[in-house]
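After this come two complexes, each holding chain A, first together with chain B and then together with chain C.
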Partner chain A sequence: MLPDEGKGLTRIALAALALVLALVANVGGAAAQGGGVIIDATGAKRGKYPIAIPLAVASDGAVARELAAIQSFNLDVSGYFKVLDPKSFLADLEAEKLGIEPQRWKDVGAYGVIKYRVVTTGNTLELEARLYEVSKGNSAVLTRSYRGTKADLRKLGHAWSNEVVKYYTGEAGFFGSKLAFVSRGKGSSTVMAVDFDGANPYAISRNTSTNMLPAWSPSGGQIAYTSYMRNNPDLYVASAAGGRPTRLAAYRGMNTGASWSPDGSKLAVTLSKDGNPEIYVISARDGASLTRLTNNKAIDTSPAWSPDGSQIAFVSDREGGPQIFVVPASGGTARRVSFNGSYNTTPTWSPAKGESVIAYTTRDGGRYDIVTLDLKTKKMTRITQNEGNNEEPSFSPNGRAIAFASTRSGGSGIYIAPADGSSPAVRVYSGAVTGIDWGPAPRP
Partner chain B sequence: MSLAQGEKTMHLVSGAGTLIISTVLFVGVWKSSDWAEAATRQRDPLADLEIIDAALAELPKKPEQQPQKKTVAPPPPEKPLGVSRDEQAAPVDRPEQPKPRPTTPDLSSFARPNTDDDGPVGQPTEQPVGAFDGSEFGFGDETRGDPYLGAIKADLLRGWEYPEILSDVGTPVGCLHLEPDGKIEKWELREKSGNFELDDSVERALAKLEKLRDAKPRPVPGHLIPLTRKWICYRMKVKD
Partner chain C sequence: MGMKTGGGDDLNSEINVTPLVDVMLVLLIIFMVTAPLLNTGVELDLPKVTAQKLEDADGPLVLSIDPNRRLTLGKAPVKWGELEVKLQTNERVKKEQVLYVEAAAALPYAVVVTAMAVAKDAGVAKVLLLTDPTDNLKLDELDR
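Here is the complex of A and B:
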């Protein structure tokens, strides 16, 4: 055999071998790719919507920073959103201006982006805000323009945040709502109101006596509270802006713990006019006693009207320690609903639609904590634990958050936490406080 | 051209020709396989997967047959004797017999009026579960399925978060390949839901699962080793 003939045969053999190897490899690959099993996996954890709020460009710097802080705080405490850290952003904000390059935001894990421009001219403030969903490209899904004075900055920021929440949930947010509370001083206590985020506190009661247990009317225009200004714990109603109150109920003994009916026409109160603290319904117009709901040797107090107006929760020690009971608002038999521990007080109802949830203060190991209880499912959720004393909860107007008084190590004051206990509480007001009541949603 | 040169050229041409044919065959076979696979995927990305209710991946064993008693077939009936057939005879007209009436009784008077909201009973809403009924490991919901694949599913769900304010329409399918040592060789979103956020959340969950399993791999048990050459897919549904 010639040497070249051998080379030719070798080439043929190599080519054939390559072909065989290729076929084997391909068959093997196909086998690895083919077949398998498919399994149903149901049940994602409830997560938060990642949203980016980059600092505005082409704006008044200080005002833009304040507006970014307002929006970030609002969306963070709403319970729906996770506001992304601006340090992670990759987008060229100067080039983007009020638009977005979607892929840049997808790359940092944002599903939504808020862009805005705020310009001040003299005392006038103009705000243009846009919301983008990165999956929907570079067209804004929500655009709003606002105009006001410089003093309106917070108000406009809250209005925009409410629009964002409404876009996603169909429900109004609670930004711009107010909290009423009692600030405790030496020898006196004052009923006060403050924006839900702790801004703009002001006094409702303007006397040097003891004032306590404020309750917003459903319209938000009035606040009922109990005052010793005439040496007896009488019930007063004042304008939500503060000022001279009207005495509504001055029965002998206690006139305390007012809770407005959803239509604002009646108040559930604790009266001891017949010798023992009992729950009554009185007229919100003139304080006339309408219905006595409880008749018991025990102490019945702290009434709270349900959002649908059909029930009233209250505290009674008729079975030993104080526990939460619920009675029909028209009268009837009360039923006990709290069964954890030996001390449960200050019930309040969630206004969330379709829910039947109460929050209350419970004593646990010598400390006081906030829990929620779903009256339908009996599911109890702990909102606070091992962080000082936490008392007197009150739901936000949409039921998504709870405000309460706390003496935790981070400092005493009013704290806000998601009502599902999904993230830690944040302090919105510092000081010795009690009697928290969250007012209604702001009017658009 | 000398004879030696001619022979050399002939060998070269022959070799090159063989190489070209081999290459063409090789590429043809390779491509046709790729195209076939691509076409299969385009038709239905899940067509080659077997649906199982829980996480079982072993074919059930056929139950052993009990010994059967031998039976003898009865003899065929004997034809009666003395009967003849006259093929020339005219056919006899027989009066037509009335057809038997259906024997189902009329129960309409017993029917309950349909006042509830339930519609007519339709197709079952659950996917067929195939042969994998979990009987090997128990029939209770909490014990059904292979514990190894069940643990993967639990880890996957633990790392899956989806924003509650978004629509949960769609059921993406995430698939993974296991290595025998329990690490995840690769994963992919085999079928997208068309909902960017939902698909993204599943991809993130798969990436988390890969990280978790790579950090703490659990070797694949012997009876599931055949699965390491197949896709293990999870049909992801936000809630029931």
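Here is the complex of A and C:
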């Protein structure tokens, strides 16, 4: 061996290593802060805002833990935040109470800190919540007090999370909203509703027949669905709390795929009363047929009313395989909007203001995946890829997230993902599900 | 006429790769021998005595060790037993990949090295030692 050369080379190697380490160290730069809206909800390339949610002190322990879990889940799934690991915290929580010592939160990389105090007396629950921006010092930028019963815990947690998201982005979050879906069983299927985070599932349809394709009314008070309970696929409307439905449409053949008009006065449905499935608009009051939107030999189905009420998207195989078309809600000529692949179904509109975006299911290489399509810019975004089958998308009330049914290896169920595809989907409900429909924002 | 021997004066235009391969093999062996050595010990960038100012809006994240071996991370006292978890989960450390260590002069070398080893285990890419900037190093005292 050549000991001298060896030493020299070791030294060179060490120098190179030091250089690499120095370069790595310089990568993590300081993040910029702007005025007004702090997180741009439409910015696809934004970084996630690091926020700390320490466990409350001087509180009811179990309730405080549940509240911390609710807030962490909400902010995480919103797609805007990175919720920091509580194990890293350096603050003296006992001494801080509802305040903060900013430097100690800077030292763990937090830009925002949520403090709260939750106390239960008897059945009463009181929640004091504060939001701090670490760069703005030790006075809270948002303060709220809530009072309710113990059973209101999740509701209050969601209300507060919505305030936090609104503070940062200028628009309300979707926390506290509900999802309707179909739970498939052996020989029957049930229309159900569940909180967006998977809590409190309950049955809407209460029969042993096949029930499918639920649709929330714009006010959130009712759910329309199709049921075979009287052997024909008829359209029913039930209270969103569940229970006995009223039959709205029982035309000969199918009465399926209802979608409410934004004012709640009408429903777009698929009827086959004239021989083959066509799109009709019917009255939400008595089911009377008002307008026939399609008329051809092909199958037209799966209508979805646009949030401004002017258009209806639907699926038609008039040009071969199923593709997405859009037709004026008052009737007129339909135009094809989906041009990717040979099989596109289940369109749904984003409720985000000022946008004209749909999501749908596309078949790609034998698998089903969710994509979004901006009808103005024609920009397509994949929401899922290479993870089982993903079908039947539905947007959150603010349009920033998409729920869908997935059979991925992580388990079948309902998943939600940011609508810009910026982070992976999270499962909120597990089971064999179809027909996802995300309900409207909860009333404050 | 006898048999013709040798190649005469013809030029051989091909590259002679033998020395090249020799050098490469030697280099390979040297790297194989030195690589394990690089992983032992604690890498550290020795601070320059005339250190540049630290430009960081939030101030650097400093781990201080006082003469009684008590640790302070930023402004918070931490125990030796929880130091690794605190550093490992720290979002700032993850982003900046750097930790400044400020150790009291009287501390044994082993204590400082232990702190640095814990930082390395916690995934800190770069540990920097803070010094008091001074112009007159008291080298005479060290010789005594």
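In this text, the second predicted complex is superposed on the first by the 399 of 444 C-alpha atoms of A that agree within 3 Å, B and C clash if a C-alpha of one lies under 4 Å from a C-alpha of the other, contacts with A are read in each partner's own complex, and residues count from 1 in each chain.
Note that contacts are C-beta pairs under 8 Å (C-beta built on N, C-alpha and C of every residue); 3 or more make two chains touch, one makes a residue touch a chain.
Quick caveat: nothing in here was measured; it's all calculated off a predicted structure.
Residue contacts after overlaying the shared chain place A:Asp85 against chain C, while chain B stays out of touching range. Of the two partner chains placed around the shared chain by superposition, chain B is the only one that A:Tyr49 touches, whereas chain C remains out of contact. Shared-chain residue A:Ala95: touches no atom of chain B or chain C.
When the shared chain is aligned, chain B comes close enough to touch A:Tyr168, but chain C does not. When the two complexes are superposed, the chain touching more residues of chain A, out of chain B and chain C, is B. In the superposition on chain A, A:Ala110 makes contact with chain C only, not with chain B. Annotation: chain A residues 2, 5, 18, 22, 27, 30, 50, 106 touch chain B in one complex and chain C in the other. Those residues of chain C that touch chain A in the complex are listed here as 26-27, 29-31, 33-34, 37-38, 43, 45, 56-59, 61, 73-76, 78, 85-86, 88-98, 125-126.
Remark: chain A residues 1-2, 5-6, 9-10, 13-14, 17-18, 21-22, 24-25, 27-28, 30, 50, 82, 84-85, 87-88, 90-92, 101, 103-104, 106-110 touch chain C in the complex. The touching residues of chain B, when paired with chain A in their complex, are 7-8, 11-12, 14-15, 18-19, 22-23, 25-26, 29-30, 33, 37, 46, 48-57, 127, 132, 149, 153, 156-158, 160-166, 168, 173, 175, 177, 196-197, 200-201, 227, 229-240. The residues of chain A lying in touch with chain B in their complex are 2, 4-5, 7-8, 11-12, 15-16, 18-19, 22-23, 26-27, 30-50, 80, 106, 111, 134-135, 168-169.
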